[in-house]
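A, B, C and D are the chain letters, set down in written order, and residue numbers restart from 1 in every chain.
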Amino acid sequence: MVPVMDSLFLQQVLNGLITGSVYSLIAIGLTMIFGVMKISNFAQGDYSMVGAYTAVFVMAWVGGWLGWVGSVLAAAAVVGLLGVVTERLVFRPLMTRWTDIDMIMVSIGLFILLENLAQLFFGATPRMIDDPFGGRTINLGVASTSLLRLFCFVFAGVAIACLELFLNRSRMGVAIRATSQNRFAAQLMGIDINQVYRLTFGVGALLAGVGGVLYGTLFAIYPMMGALPTLKAFAVTILGGMGNIRGAIWGGLILGVAEALGGNYIAMEYKQAIGFFIIILVLLVKPSGLFGRKEGA
Amino acid sequence: MLNIENLKVAYGKAVALHDVSMRVEEGELVTLLGSNGAGKSTLLKTISGVNRALAGRILWKGQEIQNQPSHVVVNQGIIQVPEGRAVFPDLSVAENLRMGAFTRRDEDGVASDLEEVFELFPRLKERRQQLAGTLSGGEAQMLAIARGLLAAPKLLMLDEPSLGLAPVLREAIYRVIQQIYQEKGITILLVEQNARWALKVATRAYILENGRITMEDTGAALAANPDVQRAYLGH
Amino acid sequence: MGAILTTERLTKNFGGLTAVNDVSFSLEQGEILGLIGPNGAGKTTLINLISGAFPPSKGAILFEGRDITRDKAHTINTLGIARTFQVVRIFSRLTALENVLAAMVDRGRKGPWSLVWDSFFRRACALTEDKEACATADGLLEFVGISRYRDEQAGNMPYALTKRLEIARALATQPKLLLLDEPSSGLNPAELTGQIDLIQKINAQGTSILIIEHVMKVIMGISHRLIVLHYGEKIAEGEPEKVYNDPLVVEAYLGGDSDAQH
Amino acid sequence: MSARLRKILLWAAALVALFLVPHVVEDRYFMHIVVMAGIFTILTLSWNLLAGYTGQLNLGHAAFYGIGAYTSAILAMQTGLSPWLGLFAGGLVAAFFGLLLGFPALRLSGPYLAITTIGFAEILRLVAMNWVDLTRGSLGLSGVPLLTPIKIGDFTMQFYFERDYYYVVVAAVLFTLFCIRRLIGSEFGVTLQAMRDDEAGAQSIGINPSSYKLAVFTISAFFAGFAGGLFAHFARLVSPELLALHNTFDVLTMTMIGGLGTIAGPILGAVTLTFLSEALRYMEEVIKIDIRLIVYGLLLILTILFMREGLVGVIKNSWARMKGGR
């Protein structure tokens, strides 16, 4: 069946872009951490989960669109801090003697720990973030969407723009990029590598936390929700090339749209598997990802 | 200015430096010669705080700096230009240079140094906005040196600056190094394979073999020493 | 006699860099051929090409008259070429004995499934209890002089001896041609002498050898002929003494005198 | 010869002890746990064959477990195939999928391999959820037949109670252990470890890593499928849950805590954690919170940070210290 350019198609593309922008945000954090520290962090989705719960509490306390914006800021702060703490306690000790397997395993340990702690503290009942716009929708001519979803999209865009600004304009931002390109040379510039690690992990987690608020706005919030964003973020990251931030942006949008279209035109039941189909296909053709560089000589 | 005493460094089981002692005085250009795998890069990395010393001391103006984190060492003005044109490929030339001045807070000083560096390397000025990864080998090496200069070095350590460059570019690099030494008066520790040139410009030189210093003298004396050719060729 | 290995106009490009440029040479049966040149001259790349670590961009490699240009590393080994590495690549969590045993499997004839079959129906309970195989492996450890470390994890052995273990492992594949990439790097003078003796002992048993070495004492002492690479190109070839005094070679090693040219 | 004799005596003593367990402990719930520990032991041993001996991180191992369980259950329910044959059929089908997964896995490592294997398992889990005609979807297949009685002369062995399954599982674990020990000790096993330690070095002695990786993927999957079949006929319920990620995570936690890349480690890890988790479940009734998985996560992190060689390493070191002290 060939999708036609009807309004349903465009509607799905819009939906896909909105979810995709959230995937991008979460995946950028993952890809940054990988780029600088070569850590594949399976707990990334749990940072999003913590961000989402932070929003639940802030919304219950403040409410309204002010509360929603406040949620994002609070999630950024809480999860950023969580990232810094986990980097110091869990990942840093392994940096000098790490293997791929150790790093992945330890992050899986963190994943199991965080989601079960959440289960313990927040209970298993799914939560929702209230819609500060009271469910109003907006018609964009070719397609329509709720004001809230549009807001999420814009917010993801703003967050990504802020990150780009930070990485391109600030002294430490450029230091992070430099370290991911050549750690040894970065050390010779007088960059404190441990400070870069701390900052990278903090920012990477923060992005996942903010992404989590948006994710929680679009979907349900429950302690075990972290697995999906983790897997999606990995799919996106592999599509975009591990460590490649621009790649992660495109990868997220591609995955979002592919899921929306695939879910609608192929099979709804397999919507969650579309990302995997794509990455297995991509990896079969190009083992370093769609936008990835070939590593080594 | 820099004193190294009985330094020992190992990678796991493999001892790279056995017992190295050497010194660099202010205003000198000291050359370190040695064949592939002799431990020259290891020595520089250890001075820069990237490798750990198992034993021995590194003194900078009388202070022990061995096993300090690299950023602390760099803050003292001990700057290394690494081997193999290790620029940041996805940063622009300008950003690479800015990274060179990472530890500096004197914006005006950096700006005027940048002008000086551009005078020294006019090509870099033309290519300011270009990504460093797109530079040619010679340009990348120029950038690596320029980046080192922007750190306002008190001691500049150059690791095989001419490695893998075509003869014409090699000559250009040599001229720049001499210029930096003579005109700017920066103290230099040079690791170089081109023995003839490196000995000619050196005030003093050391020969490092299999992790040990085997000879030490003034550059001229070593160049005149009939053993050196053989020593360098390892006869 | 005749050539056991021939390369024809071998070229390898990495991106913009030409690491090996148009190199042709032959290695005679039973010969020790030394390969020298300054840092970055393309020596290791040449050995990587011959051993099949990656394919050349242009040119051909013939081993015993057979074209092995496009063969993979493991195939090339089964044909009779073994190698060592500049930085040792031993199996660090296996014992010295197991390192050698792993190399003794006749992989030209046995694939993985036939080894699976063997593990249930042929061998003694464990490979290390197979007296015949162990005797051969012990012989090799003895030959390179590291019997003392037989049951030591290779990762715990002194560095100098892991270089010998690597040679023993290469010999266990019964090569006709052995490629040695800087067998004496990181060794002290005493260890060096032992290494020279060992290489000559291997050659005396009829194995042809191609050796990269920067320690001139080693290379001049044992090579029958020398080849000099510079910027990826072969600039000299012949008797050690003759090559050593070749002005082009001296120039390559000592470098140009910049002032003399201006 | 005396060392050998001692070894034989030790094995004999262990076998007698294993035989006597159900006669000493009669509690059915306890026997249930022991059977589950046995099934997890087979899983950990098979996962470790891949991760511990070749360094390949397969995070989709639960898929093979599930495939084995579904195959054996469906064959028994729809074709009436003897469950005894079904166990091996389950293993073979899983092995086939292992080979299939092995192909893309050849070129991948680290995070790429990890995510591809997860994807493989998730896709199959969704298939199990949605191929309702075959699998009854998320409800799962209930009423999977028990293992059929074995008649030897006049003696008939029924498989009804946990203790009956106990003997089956003990036999299955011993069978797996035997196979894996033979494999690891042989030229095949040495080859795998060589590849794990240094792939380029392995190629230089004639090892073709791809073909060995495929073989190990296949063998590892076979035993996981075999374990899945055992579970199906024991629990009598097969659901898509079996293929879920957390099952793989349990297996890897057990292996890491026991000791990756050893034979004793996975066994030790599986048994310890199965019993620990039952103890914690028991504790839940007292303290009213379920801390089972919190403990899992914490243990996994602490193991990697402070106990790289797992329990086996700790035991080995303290044994060496005791010996050295004397």
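Everything below uses one rule, namely that a residue touches a chain if its C-beta (ideal position, glycine included) is under 8 Å from a C-beta of that chain, and two chains touch if they have at least 3 such contacts.
Please read these numbers as outputs of a predicted model, since none were measured by experiment.
Using CA-based centroids throughout, the chain positioned farthest away from subunit A is C. Interface comparison, A-B against A-D: more C-beta pairs in contact at A-D. Separating the CA-averaged centres of subunit B and subunit D is a span of 55 Å.
Once the centre of each chain is set as its mean CA position, subunit A and subunit B turn out to be 42 Å apart. Here the CA centre of subunit A is 33 Å from the CA centre of subunit D. Chain centres here are Cα means. That of subunit A falls 48 Å from that of subunit C. Contacts between chains, counted with the stated touch criterion, involve the pairs A-B, A-D, B-C, C-D. Considering their complex, residues 171, 174-175, 177-178, 181-182, 184-194 of subunit A touch subunit B.
In the complex of the two chains, the subunit C residues touching subunit B come out as 16-17, 38-40, 156-159, 162, 182, 185-189, 214-217, 220, 244, 253-259, 261. If you check the complex, the residues on subunit B that touch subunit A are 48-50, 69-71, 74-75, 79-82, 86-91, 95, 98-100, 102-103, 147, 151.
Of all residues in subunit B, those touching subunit C in their complex are 12-16, 18, 35-37, 137, 160, 163-164, 167, 170-171, 174-175, 193-197, 200, 210-211, 229, 232-235. Only residues 179, 182-183, 185-191, 193-194, 196-198, 200-209, 211-212, 214-215, 219, 261 of subunit D touch subunit C when the two sit together in their complex.
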